[in-house]
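Two complexes come next, and they have one chain in common, subunit A, joined by subunit B in the first and subunit C in the second.
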Partner chain A sequence: MVDVSQHELVPEHTVLEEDELEDVLAEYDIDRTDLPKIKRTDPALPDEAEIGDVIEIVRDSRTTDQAVVYRLVVD
Partner chain B sequence: MTDVEYDVGDDVIAVVEDTELPRRLREKVYETVEKRNATLEQADEIARAVENQYLQTRIDPLDPVGTVSAQSIGEPGTQLTMNTFHYAGVAEIDVTQGLPRLIELVDARKTPDTPMMTVYLEDEYAREREKAHEVVWKIEATQILALGDVSTNVADMRVQISLNKDTLEERMITAEEVADIIEDNLGVKTVQQGTTVEFGPEEPSYRELLQLVEELRDITFKGIEEVSRVVIRREEMDDGNEEFVLYTEGSAFGDVLSIEGVDASRTTTNNIHEIHRNLGIEAAREAIIEETHNTLAEQGLDDVNVRHLMLVADMMTNRGEIESIGRHGISGSKDSVLARAAFEVTVNHLLNAAIHGEVDDLDGVTENVIVGKPIKLGTGDVDLRMGSTSGRQAD
Partner chain C sequence: MRNTTPKDIGSINFGLMEPEEYREMSATKIITADTYDDDGFPIDMGLMDPRLGVIDPGLECKTCGQHSGSCPGHFGHIELAAPVIHVGFTKLIRRLLRGTCRECSRLLLTEDEKEEFRQQIDQSRKLGRDVNDVTKAAIRQARKKDRCPHCGEIQYDIEHEKPTTYYEVQQVLTSEYSQRIAAAMQGGEDGERTTPDELAEETEIDLTRINEILSGSFRPRESQRKAIEKALDIDLTEEDTNKLMPSDIRDWFEAIPDEDVEALGIDAERSRPEWMILTVLPVPPVTARPSITLDNGQRSEDDLTHKLVDIIRINQRFMENREAGAPQLIIEDLWELLQYHVTTFMDNEISGTPPARHRSGRPLKTLSQRLKGKEGRFRGSLSGKRVNFSARTVISPDPTLSLNEVGVPDRVAKEMTQTMNVTERNVADARRYVSNGPEAHPGANYVRRPDGRRLKVTEKNCEELAKKIEPGWEVNRHLIDGDIVIFNRQPSLHRMSIMAHEVVVMPYKTFRLNTVVCPPYNADFDGDEMNMHALQNEEARAEARVLMRVQEQILSPRFGENIIGAIQDHISGTYLLTHDNPRFNETQALDLLRATRIDELPEPSGIDDEGEPFWTGRDVFSELLPDDLNLEFTGTVGDDVVIEDGQLLEGTIAEDEVGEFGGKIVDTITKVYGNTRARIFINEVSTLAMRAIMHFGFSIGIDDETIPEEAESRIDETIDDAYDRVEELIEAYERGELESLPGRTIDETLEMKIMQTLSRARDNAGNIAEEHFTEDNPAVVMANSGARGSMLNLTQMAGAVGQQAVRGERINRGYEDRTLSHYKPDDLSAEAHGFVENSYTSGLTPREFFFHAMGGREGLVDTAVRTSKSGYLQRRLINALSELETQYDGTVRDTSDTIVQFEFGEDGTSPVMVSSSEEGDVDVEQIADRILESEFDSEAEKEEFLGSKPEPTNLSEHADSRRIAEDVEVTSDD
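For the complex of A and B:
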């Protein structure tokens, strides 16, 4: 099987720890369900990710060089 | 603390890192400070000025970014070609361009009009033409007519194939393999002798004989069925070396990635659904931006700010799968009945809403325009009161 994370279109995906998540949600003043979603079957998802987890994604951004975004794992 | 590559004092770093600037702008500040040999005070002033400018150019709260994006893409869109130009772009491969391509992208069509892949190769496969050709034969679909001549002997009710020895060798397939593939696909007994393969219908029947020939032509003996043509090109890399790159007509991204010799970290396709399936939603987002931007750039319209395209891609991938813009996608899944009805097929939406007893909360813009209330955008969503903050100082 091909290692998807090696592809240049795929940014780094990591599972966000619960306490870090609290900070993120507090900073934006939102619920976790307000976050963009990512499917549980997504090939770029880390193996340990489960439904309800929040994934931290560090993109190479065209505008800010590096951008951190979050996605909620859904079914 | 982030790593700073520039030769500036720690104080300067502290000052710049203290600003709200994004990394790219910080780098620029460091660069300038280093080049100009600015003092700490000057550096502080520069950083503040840049920060000020940055904060001023940010989008204001309650700005209708979506509407602005729609206009900013729509206006140059009027200048796009409405016709598909053939054989433009790279390596005489036919690609859909201009408006049809843009529509195809935002509609999130399951397959593009002209699917194509750009296949990069690894190591020696990228350097040696022979090796590159090996990969080509694994990708390009090989049909019987490429391997030899087919003739029908009506008298004996037999189909005769005389295979070309050189072609067989070049494409790395043997006559035995060809015979086996025919047996598997057509369910007939074949007689193979040297480079000739012969077979016929069980019962002598003229119709069945023609049917067999017809089916024989559709069999893919080697390569990937979806890929009808592969073009090899020698291209210069960033480091000055040259490498072979393959351009394909037709796309089967998942299959190609696992072929030996293919560089699975750079190879791409113009089918955003295949990217989504194989690389995930984030890669799909990136591909949508890339493709829409390239489509505009191809026609000299790349002065459309990339943020608009990023917003479109963000919306299309927001729910973890690719959604189209429009009635069947994002606009069709809005909560408000009135907003949906205002977009397309008005009567259907109103009728269904009536049947299901839907309620419209009048939260959005369209609904409020319809009922004649102020919209919740810009100053429309700000309430001002005078003189009621007793004793509290404004900051």
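For the complex of A and C:
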């Protein structure tokens, strides 16, 4: 099987720790369910990600170097 | 009307209405189908009852007491003789029938299952998903149950016959069971016979019973039936359908407990399922279905009224028949008819139901039809409305206008007005406009007195009225030069399709615009029309001027480079002016620059042999550049373009330099010097280019594409050569000697090789033709500068048109095994499959012409299909994105506050400011240098600001050394 997370076009996906998550939710003043979603079956997810986890995705950006995005894992 | 306070909508709930609610909001019960009596007065409790609102001016509403215009209209109601199904809910009704018990009406799910689905619904709601997916799954699971988990009753299948009929389907013993059993016992053609003894043994049924069954005198019970079916491998059942009347369904639904309804995602408080079966029909107010009086004095009623008449008539007949004790069959027929009329009242485009028609045969436009589709209430009246102060006419070019301007015909300017609030400062102007009257151009059409009264300005009263104008009045004056208006060309595919222009009032009937704004509008002058909107308040005018003016749209948000720039002849013009760097004498140079701001020539570029001063084309062009512009890049023609301190030292100015889509110089000026400077530059380049092209003279004719006979025969040779090679390929193919390319069949290989050979032949022909064109050939100038056309066009005009293709292949369609009847079957030659060896100049043969038309047709069809497809796609995309909004915290959210992007565009930058092309990187250092340069007069001040060289102070002799020490130690309190 191909491990897509090793591909250069797949950005870094990491599971967000609970305390970091709280900071994120507080910063944007939202509930966990207001985050964009990602499917549990998405091959880019790290193996330990479970439904209900929040994933931090760090993309390279031509204009801002790095763009950070959060997604809620759903089934 | 003005004293209404604005209200804030807290929330909107959608649900079903209770019959009692219909009765409560009703102004009157409607019982007669008649509308007006013989004297023309509306009949009480008829469809035009005055309590339903007023439409005739002067009359007073019997319900609210208001006059037509302010009376909103009031609903009435019809008591239906029997319940009917609401067509809008047929699918939901079907689902509920399938998911609930026919006996106790409870949901066919155990408590545990119900709880699970309830949780899933909550989850779905939170995640913003479609709740329908969960409820569908719940119904699917409930349907699987053969028996009710609560009362144990057997459940039957529900069949739905569209639109509004439901049946219960039961599997019952067929009436011909004895024959079927007997036939099976005989055995098929090769089957074994079964004796009654054997059957009795296998089914464990008494032999006498078996005999009774076989004789047809005893109907087997279910268990016996199943045993026989199993033993003989036959089916003894038939379907028995039992129609569910709306009243049955209503009773069924009434018994569904609230908590079961809620497990299906329905709010039982607001929407009880039985309300989907109508017992009362609300009658829309007359204001929603006004009758109109025709010229001959006859009244013509609205389609809805016609439909309501039908409903009331049938309703009455139903009641009469039922009271008279009519047979069930007649009652059922009438019931169905009532259902049909109520159905078509709500939706007259139901598949499987004939639409209700007008006497003329036109289908009636009922409730659904008023709302649906492009001309419906939503898309036609709410999202898009017809507006005042708008104009539409043909457009034509005017190169003397600035790109910010639009020429407006005087007759348009006299219709479109702007409201002037008269003050002490402008009262003189206001009086002048009014005294000019409505006919003379800078005039006025209306005035409004401080007491709010509006007066029309006429030729007769204008002088009088002008004298009365005082501060505090309002004057609706004509559009004048400098007013800001919005200008638009459909299809409005991007933001630059609607831009603000400044008015220049002109004679004649067309809107005039500078040709450089054609690219953003995608406009040409072959009959295109455009729309203009005059703005009606100060806020709108300010917004348009600041945000929407053409010069603010020079950079496109699509790719972050300029979309406005020199086009077509402008490019040819600058090319001629700068390519060979020609010389101009003083008069000529001044003439070139006459329409620009330059009214004094710079130092001459040199002195010619006769001792006269001259100016070169590049120097003339340089006059338009900002004095401190520095640029160096590879230009359109392939040479280096070098601009130093606003002087074009080297290079040709053409498409990549000043063109519409990312012309380097225009782009740089816009980004570095701002929109205003860019507007001036583009205007001046276009006028300079026009003077230049007129100076040299530029025209194209058929002779420009004609090549010497010698060249033509060389082209013929090349093509003959290619034909020979194609012939060789075909022979090799027929001999079976052709080797196929990897991954291709032999046939495909042959086709590819032939195509290759022929396309090379076309290129060769083009190259031969090209040899005979000089650099100053106008077609070549246009192709090289990027003004219009390409060398391929030239090749096709002078050399050979080449292979015609349909769907990317040589032409293969037409007759059986051949393209035209002129060829032998299976002819694989070049000419039999659409190779055009002639050029457009030499002319095509009839067969070539036909193939060419085939290829051309494909192109036309493709564009037609593409535009409609992409239009629909765009509509969907825009509807999906229209509610997204960038918030003050930088996130992009939809209306329910869920985050779509954590930072606008994931980088928070404007696509207008950042070019999307890779090499268009922002040079931050250069920008910083430039700003510092302009901000500080002396080098010393700049150094001080940057802190690279701290100013010595006189506070202490040790200050300098201390400061150095501070720098080393990073820790500090502030």
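Note that in this section the second predicted complex is superposed on the first by the 75 of 75 C-alpha atoms of A that agree within 3 Å, B and C clash if a C-alpha of one lies under 4 Å from a C-alpha of the other, contacts with A are read in each partner's own complex, and residues count from 1 in each chain.
Definition applied: a residue touches a chain if its C-beta (ideal position, glycine included) is under 8 Å from a C-beta of that chain, and two chains touch if they have at least 3 such contacts.
These figures come from a predicted structure and were not determined experimentally.
In the superposition on chain A, contact is made by A:Tyr28 with subunit C only, not with subunit B.
When both complexes are overlaid on chain A, the residue A:Pro36 reaches subunit B and subunit C alike. In the superposition on chain A, A:Val54 makes contact with neither subunit B nor subunit C. Contact with subunit B, but none with subunit C, is seen for A:Leu45 once the two complexes are overlaid on the shared chain.
When the two complexes are superposed, the chain touching more residues of subunit A, out of subunit B and subunit C, is B.
In the superposition on chain A, contact of A:Thr64 is made with both subunit B and subunit C. Judged by the touch definition given at the top, the superposed model places A:Val74 against both subunit B and subunit C. Of the residues of subunit A, those at positions 36-37, 59, 62-64, 74 touch subunit B in one of the two structures and subunit C in the other.
The touching residues of subunit B, when paired with subunit A in their complex, are 22-24, 27, 257-258, 264-266, 268, 275, 277-283, 286-287, 289, 306-307, 310, 314, 317-321. On the side of subunit A, the complex with subunit B involves touching residues 1-4, 6-11, 13, 36-39, 42-45, 57, 59, 62-66, 71, 74.
For subunit A in complex with subunit C, the touching residues are 28, 30-31, 33-37, 59, 61-64, 67-70, 74.
Note for the complex: subunit C touches subunit A at residues 126-128, 889, 891, 896-903, 906-909, 914.
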